[in-house]
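Next, two complexes with subunit A in common: one pairs it with subunit B, the other with subunit C.
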Partner chain A sequence: MKMTNKRAQKRASAKASTTNVSKFAPAKAVAGGKSAVKFEYAPSLESTDIVQIEKRNRLFIGGKFVEPTSGRYFPTINPATGERLAEVAEANEKDVDLAVKTARQAYEQIWSKMSGKERGRYLFRIARLIQERARELAVLETMDNGKPIRESRDIDVPLVAAHFFYHAGWADKLEYAFPGQSIAPLGVVGQVIPWNFPLLMAAWKIAPALACGNTVVLKPAETTSLSALLLAQIFQDAGLPEGVVNIVTGAGATGAALVNHPDINKVAFTGSTEVGKIIARAVAGTKKRLTLELGGKSAHIIFEDAALDQALEGVINGIYFNQGHVCCAGSRLLLEESIANDFVEKLKKRIAQLRVGNPLDKNTDIGAINSEAELKKIGKLIQLGKDEGGEFFEPKCALPEKGYFQRPCFFSNVSSSFTLSRVEIFGPVLAVSTFRTAQEAVVKANDTPYGLAAGVWSEKGAKIHKVAGQLKAGVVWANTYNKFDPSAPFGGYNESGWGREGGRHGLSAYLDVRGK
Partner chain B sequence: MDKRNLRVPKTIKLFIGGEFPRTESGRSFPAYEHGTQKVFAHLCRASRKDFRNAVTAALSARAEWERRSAYNRAQIIYRMAEMTEGHREEMVSVMEKVGGVSARDAHLAVDEVIDAFVYYAGFADKFSQLSGCVNPVSGPHHAFTTPEPVGCVAMIFDDDDGAVTALPTVIATMASIIASGNVVTMLLPGAVAPLLAPLAEIFATSDLPKGVVNLLTGHRSELLEHFASHMEVQSISYVGSDNTVREKLKTLGAENMKRVVCFESKDGAQNGDINIGLERIASFVEFKTVWHPIGH
Partner chain C sequence: MRSVSMIDKEGRSLAVVVPAVDEVGAIERADFFTKRSIKKDSKLHALYLAISMCDLTTLEGADTPGRVKQLCEKARHPVPPDVFASVARTKNLPPIPSVAAVCIYPSMVSVAVKALEGSGINVASVATAFPSGQAPLSTKLNDTRFAVSEGATEIDMVINRGAFLSGGYQLVFDEIAAIKEACGEAHLKVILETGELGSLDRVRLASEIAMRAGADFIKTSTGKIQPAATLPVTLVMLQAISDFYLKTGKKIGMKPAGGIRTAKQAIQYLCMVNETLGTDWLTPDLFRFGASAMVNDILKQIFKEATGRYYYDRAFSLD
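This part shows the complex of A and B:
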């Protein structure tokens, strides 16, 4: 996909320089020809003084921090430096069993007997404490996960508080959520969450479970346990009854012990489709309920009649938000042929402006990849894309010497058969292809086993509604992307999972709803 | 015997893509008149290939049926009620002959079938308002959530019930699934299998697009795993109480994350309770949330 029309290029870039006001707004090369001006930013580091990290982080069971029975701990790394932040307890089957027993007891003796009004009060209180300790949570999240402080501070943590606040209000109104039907909590729920939004996923899981009257055993991802354990301190401070939420840290074996524990009533999992299928098979012969938020390969469709500069920002936000570690990332860009060349040139300029580096720097757009293993996996898939014949572009920005970093990049001239178009990369890698008609765009967008999200950009309302209706995806962002809200149901079609999280629809995942 | 009345025991064929093919396997099995060894008719013993053809037919009808307005789907399902009335005597006679059912009970079963069609016809343009919503998101966005059909649903039943119970269950379950725009391929339970011909004629003459409903007869034990592992079937409806069947459907269905929805036949999809009806419809939809900025 080569730019041939120099005048169009010039026009496009001149327009970009005058109207392209972005929240990222990093060093902007004003490209009106020869006189490119480049602004440099001085580092603006967020202080880590606010965070105190324990050297050894124990399990949270029955309202207390307890040693794992094995006595084993594993390190957790700051991916921006590669240095060890702390040690985290490894829960084995015995620990998980204790956590489930404790949750069962708390369910039977306290939480299921408590009025919805009172449950709600605890959740409101937790929401407030999260807001009060917001900066501390954000800094810790960035240190353990590698995501830019701008995102953890402005997106993750405010959404975490909002989720608790939203669900707090449901606790005493559940009967109105399902009129005419009888509802009951499920009991003890086992929840396994990923490393890409450690705190936010904990909130998405814990808040509705508690509002609906269940008790919880949560397993955070092994590379990002710290913020969930800080949340546990907040539960203590809020006076949440002991055992209502239990947190067992560890890797896959800990998660398997939780999922396979005979005394949990429900499993909620967010993570890869591969693991989701294993879990689905594991609980197939049981009475356990199951909801899954899995992978995606979401299409981002740009029509020629879109507001292209806004669409460009949407594309950037869609794929490079959180280093692309987003299940609903807009990882397949579908461009209408007539604008494809211009758009790709704009994209090249725009990603050259993204700042990759220290996630604690408030100017950073793209932080660290969460782990060495993920960085290697992304690298392999990029190499595969090159081997399969994709046209690769990445900016020439410098990367920090230490830590795990990946430049934002994209492949153009990608066809649907490329691995890049089919496999979830979970990194800042975009696959660009083109289409000629709306129908072709829809067919290409739906040509995937996933169905989590999609984006569509056009200034024509009728076209937006028609295309949005035809996309087989649980979330469609029209003229926007990656917007989240506790009141808006989120979840996928097909291999992207089962059930919805958020809104009234998300409640049914934590309730037994029956016709009266 | 009067030669003009010489009975030819026919083979009742399958109903796939609006047509009546024989099973490609050439296999059949007999349905006997109740309490006798007298063959009422031969039924097709559908093969894996027949099932795959039926799914292909369903998938090619999918876009068309989804696109129909809710009002139009409602009219077509209501038309099925009208056509059922026209096939009443034939259905009653089959249930009497093969099922050994009294004429009175058989008529009651047909009444229930008609009730189910009418009930879900009236639901086709209601469930969206009952289960969708506008979300009060914080920020300048209009965000709304609507139910959309899940896609191709494969339907399986237990064989335990007699025709009087099984027939209304099959029809109510099917009507609840297609009302929202899904397409189906179903293996009729044993007691309903001899009724394939009148049922297929009802579907074929109700302005239902070809392929929206596909009917198979055969042995569940040999088709079950193909139902569960077909990669283009989005969902499975199982009405019954066999835990082994449930586990098999869920285990094999996990390969493409099928939504396996299980109901007990006593849950009664046809009893006219709005909450049960809504629950049935909502079990075979995906909720889609659409966001759009508000501004200028």
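This part shows the complex of A and C:
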């Protein structure tokens, strides 16, 4: 056993950031010796051999990977180690202009003239290739983003494929989505996506745009460009006509160049409310259409008559899924007072079981925070919460020495006036407060500038329907949370954004729909 | 939330309050534990632990002293020690533990007690008109007293499902309390026979009633009814145990029984216990498997870890 132990430790230290080194001592567990033995899960690391990362990743324009005109590249970091994974091209205005021109040409000469059935065939082909290369996509996503491999493997990538399949099905049936109305594609669409679900957001944006007959210039987030570029390879393999999808990598300036380009017909943005407002101002007064999917501070309401153990899992999934980097995260927990104390105790016990560590470990529940800047921001807000007087709890789990990690945590006894209740933290931090009546729960849930999602837990159907109907949120989950499906529209009220993505509603964001 | 009021044997009124169970959510959570990846040392650890938690069982009309004696030998040494020593030499693995208990009918208790002398292995006897429980309380009590007097250290009773399903919770409670008293020093495992209860809400309520009435363990099934133990049912019972512990500070044990046949399943259950109740429950004192067929599959996996290759089924004795 000594040898295996040593080897395991060596491997663990080589991979640096795991906390789960096992110590096998079964002799004590035999009958007679009845003391409980700590059951530690040995590291179970997903191999990264399947992924080939190029040192320098170029722009994807006109179906080819091209050098940026400036010749400039910036590093992309593996947040679990803090080490540089690769370099990514920085697109400037000239590159963006080339990408838009290429997209325009592809729109006019090929994509807008193609039948819906034909477009659907490409999308189906892309969806199947995504499934074939699912493991590669999942591993790369985890390396570049820091999310646990279990999530990228079981949630992100299957949903990515599902979005392409779903929209492939719509491509030749669009006229049935809007009966009695005439529909036309918009043209060239500029899309800017965030770093929390790099691949999934690319799918949410690209699949409906293409199904509806538009061509695309996509800008991924600067910390997570790699999976979008792997998706570009899949587009090549699928034989997608050149220029239909173009990917320009870069930071804010690249995004601004895209949004401000005069020859795009629509801007679709997912990201922070702050940037969303800048984009709205930039687009105001132009003919460009705009959809925004922004921040949130979603309320999770647990009534005393809820299935409490399942509600607890819903809360865990609501806030700690993807390290809390979820725009619709259930970051405000509202508990009916009669169950509040017990529920908080259960929550403490439960989050102590969450496994924080190397995202490539198949047993990791909470991976790395995407960047140093985000980690600092979360840390600041936690400190602010403590200063405001929230009751702080975090489990004592060890964190890896390298990389950007944050323990799952929550504040109880939080008031609606606290920054904790108002500001989107975008990390594994939950704010817990209480309510006395359903009416008060609704008032508290709606007391936010946002309105992206909400969760309601009760075993009383009538109560759920009544409360759900009064919540000002784009998505209301009943007795579950963070469930996504391409057929379900997603979007927000107020500062959470404009427009819907997914489902039939999402199609209208990529079409000019007029009465006949 | 459901509240059932009960009168205990001192005549005090007792409110048994249980939260609702959302079946979809429970199944989803249970499924999560099939995704844990337990490898290398932790796998070995879990496999050894699982053997030491096994209740090796024979509950047939055809049981004879000879059959029970054989089972008791298997209980002491799931694999002959010298055979394992030669296999495990290169990796220096510790010897295979004996199982936690042998579970038989009351008439076989004396045979098992004798066969297991000095082994530290418990003798568990089913009682209370197992498996149906369709007998008067006096018969159930006699059944229990007989098994205890023969030397059983653990009693596996069945609840009165007829009473439970027709709303006679007080009767279910009273019977458990009476049997507990008849057990004396012997540990009481209360079988809910979840396959006959019809919903996870009822599993939760039955668990609560059993724990309130004095169960030391709650157990899913007799093994005579399908479905027997499943991950979602076990999860709901573990959560009931967790809540009971939070409320009373008493640690109740759990025994899934029937339907667990592979080492892989055993590990899934152990992960579930580990992450629902914590490591305190990872001991034969608080967690058992009613799964005889599982032992050989676990041995197979341990042999594989020891030698790097799989042994074929016939390398291990049936009992």
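Keep this in mind: the second predicted complex is superposed on the first by the 478 of 516 C-alpha atoms of A that agree within 3 Å, B and C clash if a C-alpha of one lies under 4 Å from a C-alpha of the other, contacts with A are read in each partner's own complex, and residues count from 1 in each chain.
As a working rule, a contact is a pair of C-beta atoms (placed from the backbone, for glycine too) under 8 Å apart; a residue touches a chain by one contact, two chains touch by 3 or more.
Computed from a prediction, not measured in an experiment: that's the story for all the values here.
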Partner chain in contact with A:41 - subunit B first, subunit C second, else both or neither: second
Which of subunit B and subunit C A:134 touches, first, second, both or neither: neither
Which of subunit B and subunit C A:281 touches, first, second, both or neither: first
Partner chain(s) touched by A:253 [first = subunit B, second = subunit C, both, neither]: neither
Touching partner for A:474 - first (subunit B), second (subunit C), both, neither: first
Partner chain in contact with A:362 - subunit B first, subunit C second, else both or neither: second
Contacts of A:150 with subunit B and subunit C, given as first, second, both or neither: second
Contacts on subunit A seen with subunit B and repeated with subunit C across the two complexes: 479-480
Residues on subunit B engaged by subunit A in the complex (per definition of touch): 133, 135-139, 141, 143, 145, 148, 150-151, 234, 243, 246-247, 250-251, 253-257, 259, 273-276, 279, 286-293
Residues of subunit C defined as touching subunit A within the complex: 1, 19-22, 24-26, 28-29, 35-46, 48-49, 52, 91-95, 97-100, 120-121, 236, 239, 242, 246, 270-271, 274-275, 278-286
Residues of subunit A touching subunit C in the complex: 1-5, 8, 22-27, 29-32, 34-42, 44, 150, 154, 304-311, 313-314, 342, 345-346, 349, 353, 362-363, 459, 479-480
Touching residues on subunit A, where the partner in the complex is subunit B: 162, 180-181, 273, 276-277, 280-281, 284-285, 292, 294, 449, 451, 464, 468-469, 472-480, 483, 485, 487-491, 493-498, 500, 503-505, 513-516
